[in-house]
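Next come two complexes, and both contain chain A; in the first it sits with chain B, in the second with chain C.
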Partner chain A sequence: MEDTSRRTTLKALGATLGAAAFARAMAPLAAWPEDLSIDELLQRHYKELSRDDMVRVLRRLEQETLDQYGAVVTIDDVRPIPEVQFGYALNLSVCVGCRKCAEACHVENNHDRATNQSYIRVLEIKNGSVDLAMGTVDYDHAVPKKGRSYMPVQCHQCDNAPCVSVCPIEATWKEPDGIVVVDYNWCIGCRYCEAACPYHARRFNWHKPEIPAEEINPDQAYLSNRVRPQGVMEKCTFCLHRTRKGRLPACLEACPTGARVFGNMLDPNSEIRWVLENKRTFVLKEDLGTRPRFFYFFDK
Partner chain B sequence: MNHARSYPAFLRDAVGVATDGGWPFYTWMTLLTALALVGVNAWAQQVVGGMGLTAMSDHVSWGLYIANFTFTVGLAAGAVMMVIPAYIYKDKAMHDVVIVGELLAVAAILMALLFVNVDLGRPDRAWHLMPGLGRFHWPVSMLTWDVVVLGGYLLINLHICGYLLYTRFLGRRPEKRWYLPFVMLSIAWAVSIHTVTAFLFSGLGGRPFWNTAILAPRFIVSAFVSGPAFIVLALQVIRRVAKVPIPDAPLHTLLGILRVTVLLNLFFVGSEVFTEFYSGGSHTASASYLFLGLHGHNALVPWIWTALAFHSVAAVILLSARAKEQLWLADIACALTFVGVWIEKGMGLIIPGFVPSTLHELVEYMPNELEWRVVVGIWAAGLIVFTLGIKIAVEIFAGRMRHQLPEVEPDEPQHAGGA
Partner chain C sequence: MPLFTALTLLLACDQGFVDPSREYGPPVADAPAKVSRVHVPTSLGAVDTPRRDIHGAPIGVSCATCHAGPGEDAIVVGDEGNPEQMHGTIELLHGGLACDACHEPTDRRLLHLADGAKIEMAEAMKLCAQCHGPQARDYQKGAHGGMTGYWDLRQGERVRNHCVECHAPHSPKPPQVQPAPRAVDRVVFPASETH
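This part shows the complex of A and B:
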């Protein structure tokens, strides 16, 4: 019997030590709740939020931006305009590869400063090919370089979007105007969509983005350029916080050569419509059946 | 029989058995617990600091975690290679030890689930994945299928193990109708878990390295390598350490299966390699990266050749006549091929899918120390579950853990079958 009680004592000691060690191991989590509220934890999917819920969420997010970044911002829930189907086209004959579009995206969309994040990557490809395998994004010389052409790539807002199909929880979907969006407060960060996208269009928030308060673009929308939380997916939204209010995407405005054409494809007088009707356009990796809304064309 | 009293007794005794043992047992469990805690700690850091603490990037957005997830799903499915001989071919010797396979299925699925969860950027939102609670994108997203089949497989195997152990504990013979239908279901289900996991990858048109119809068959075959290999090793350890008199017969059955599946696995790898390299084109880039290195990037080359070398040596050993007499040789083959599949269906499968990236950028990936700590932690947790399950099973089957009928109920009628 003495042996039994010794064993019991030992077991109790073991259990106590184990519990203490477990607490120690979990200790880093103590730093977590700082930017995690119960409201956020229980928040429902974008499409399940009533107007009132949404207003409350928007005010909370604005407050969080103020608390965490020291910036006063307005976050809107900008809805799609009926009878609008957005399309984008890019003239490869005039693009010079200056990456002004990528820079404008970086600023407009409140991207992390340290990683110089942007939704646009510009490929430099040797003339005589449009094969991506022949391209590089790491060029570092004066542009345009002789014998090279340039191909900016961003989200193609595919009509048959693999990123949308694979998401296990509908955290990403296609809006009525064709824009593929992410609910940053619903995404669990599994990165399945990033694996599924054939155009390297998705970006993950590997860390909490860092942006100085004075550099934060205060004109924000829930589904687009508000500062994203850590651990969720994001992507180009055709600047829906601008374009759904009748403005043009930031990348288009920044382009010095006028290579970019954006607009409502349903409007017969729009420039995008003219390009689609009069130019020979092509889309990337057409064979995959993704049906992009981002078109490339050449002048001649 | 009063289950309200005997089931708590079962659980209580199980906890007793699970926390009682000799010094080797305590040492082993302490070691595993320590490693598991190291993993917990690393994960906690990752949750707070962000997934950026790992070596993954927007180019290689899945890494060691998903590699291990894929492998452990295979391990769970591979356990069925004990179940089929035991129940379909009525192999008596296998039937006596089949619980080992069922417990392995439970432990491996738990590990698989842990591996997906540590890969989530927002574990606090994991409830979004719960059918009914969140928004379950079923049937379109293959990941929701995986949630269903993995969860189902876990429940089925928990039921089978729990039922068999509990009835033995009561001193009864298990009633067929309470477990046989589930066993049959588990066989079909085992195939489904690894098929669906293969579809996760092969369904992605933008990743040519995965986008191949042979992926699911390849997954299944390698599951039938890693599963039996692990079980052979486990049975050997149980024989030696727990002194359970397990005959050689089930080992020979498993080795007989391995002899075929190891070769089939090599054959599938060969078919894949041929198709990739013979036709050429930019689709070959990932395979080139994996096997030969691409433009000076060759981080995975030593891995994959190690895997192939291990597979080949294991195949030769298993085919030699000596391995049938000298089981230690077979043990070596099992260990080699287990590691071989772990590389080939882990890192060797996941990483090349991302290299080169969809825009043909060459960004490499090697797991960093934090990822290794998390992975070791989860393996330790899985081994804890497996060890405890085995220990309880051994005690029950040896009759050392048996329900003591309380003396106030002396006239409890003995059940029909009698054990």
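This part shows the complex of A and C:
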């Protein structure tokens, strides 16, 4: 009997390993998620959708929200208003750190109830410094505390956004009115953008958000506050489902001290322009060259 | 020239919309600007009594309940001999001002400006502005004071907060409050809190 050659052995070994690797690579197909429809799998990128495609996607997403959460919602594809560039300013002299903005964001943007998530994080820092590394966000005492000041941080909608340039699949981009958005159905959840953001403004949906049907905000938009799926990134969109219809963002309306100023930076008579022209504004981590559209200022 | 062609091709491949009509929404029609009005709270022209409603908030009584008309003697109801009792809930912590600095002595339903001109309670912001100029200027420019409604007055109206909604006129410094609950954020909190 002829001895098995070395070549044959290696071939057999290679074939076995190859077959095993192929089976392993195909394994996710066996674990097809129950809530993933063929339509969703084959859905194209947001910018590649025609108007008719978009309408079909919106109706499907509304149906999915009804099936999964029992809530009747309206999801719109709200597009930018021509000749509008959004800007936001926050007066650090009057912010008291009450987290009402974060609470309003939580409710408005259909965040997961268990984690009490929000796009706004309020830092408590010692007076006389803007040392963010020493700031805390877990304070639970009455505010404002003596000797402390407060700095809410949310997405700065940078004009040179690091989160956009690191995305390997263009699932996040900057809109013509300056808002950085995410196509939650295109995002693969690699979290590169979360790592790239110097303001720590992006959030990851570790779990499927849990929200009681009666608490779901039914006024939704595809690019903003619709209930996000598990495993995708999300971020502040300056409440584009409100602001692109002329309304003020939810965090601004909730602020009891009037620390927040929002508007169209192209309108010379707008409040935001007055602040930018007359107050000493600054942006966070200017040295990084991100060119934020979120400005901070002091009264004096 | 090849470089130019390559650049043009690159630009053509930019991530534009397949359907360019989706890039923008419809332009906003040039409508007459809606109003930006100031909300006048019911607490103006009223004084808190020691009694509380079911939510624990003090029950207010309109000044006119006792001070029915012009003149210091125009009191029709209440304890005329003991005004401190009626005004006992007021803690005056406003830069050492006395009552009459703002309240009109000849008609307690009114206020008066620095030049003595009488104004209605609802116009109290004029009085505030006389001392707090920078704040009044910032307010007028929309950089001070809360608001709700529309940033775009072409599309809807805006309601501004009145000074006294945040600053109680007798003790204007807002009190400390308990903050809303924090987020349970696995990234920022120390491991001991989440594991």
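Just so it is clear, the second predicted complex is superposed on the first by the 267 of 300 C-alpha atoms of A that agree within 3 Å, B and C clash if a C-alpha of one lies under 4 Å from a C-alpha of the other, contacts with A are read in each partner's own complex, and residues count from 1 in each chain.
Criterion: a contact is a pair of C-beta atoms (placed from the backbone, for glycine too) under 8 Å apart; a residue touches a chain by one contact, two chains touch by 3 or more.
Treat the numbers as computed from the prediction; the structure is a model and nothing was measured.
Using the contact criterion defined above for the overlaid structures, shared-chain residue A:A142 touches chain C, although it does not reach chain B. Touch criterion met: A:V166 reaches chain B, while chain C stays clear of it.
In the superposition on chain A, contact is made by A:K208 with chain B only, not with chain C. Touch criterion met: A:H200 reaches chain B and chain C at once. Of the two partner chains, chain C is the only one that A:K100 touches; chain B does not reach it. Once the two complexes are overlaid on the shared chain, A:A21 sits against chain B while remaining clear of chain C. Put simply, chain A uses residues 48, 121, 137, 170, 200, 206 to touch chain B in one complex and chain C in the other.
Those residues of chain A lying in contact with chain C across their complex are 47-51, 54, 77-83, 89, 91, 94, 96-100, 102-103, 106, 114-118, 121-122, 137-140, 142-145, 170, 173, 176, 200, 206, 243-248, 252-253, 255-258, 261-264, 270-271, 274-275, 278-279, 299. Interface of chain C with chain A (complex): residues 15-19, 21-25, 27-28, 134, 138, 141-152, 154-156, 158, 161, 166, 174, 176-189, 193. Residues of chain A touching chain B in their complex: 7, 11, 14, 18, 21-22, 24-29, 31-32, 36, 41, 45, 48, 121, 123, 131-133, 135-137, 153, 162, 165-171, 186-192, 194-200, 202-208, 229-233, 285, 288-290.
Those residues of chain B that touch chain A in the shared complex are 19-20, 33-34, 37-38, 40-41, 44-45, 47-52, 56-59, 61-62, 116, 119-126, 128-129, 134-137, 140-144, 147, 200, 203-207, 282, 285, 353-354, 356-361.
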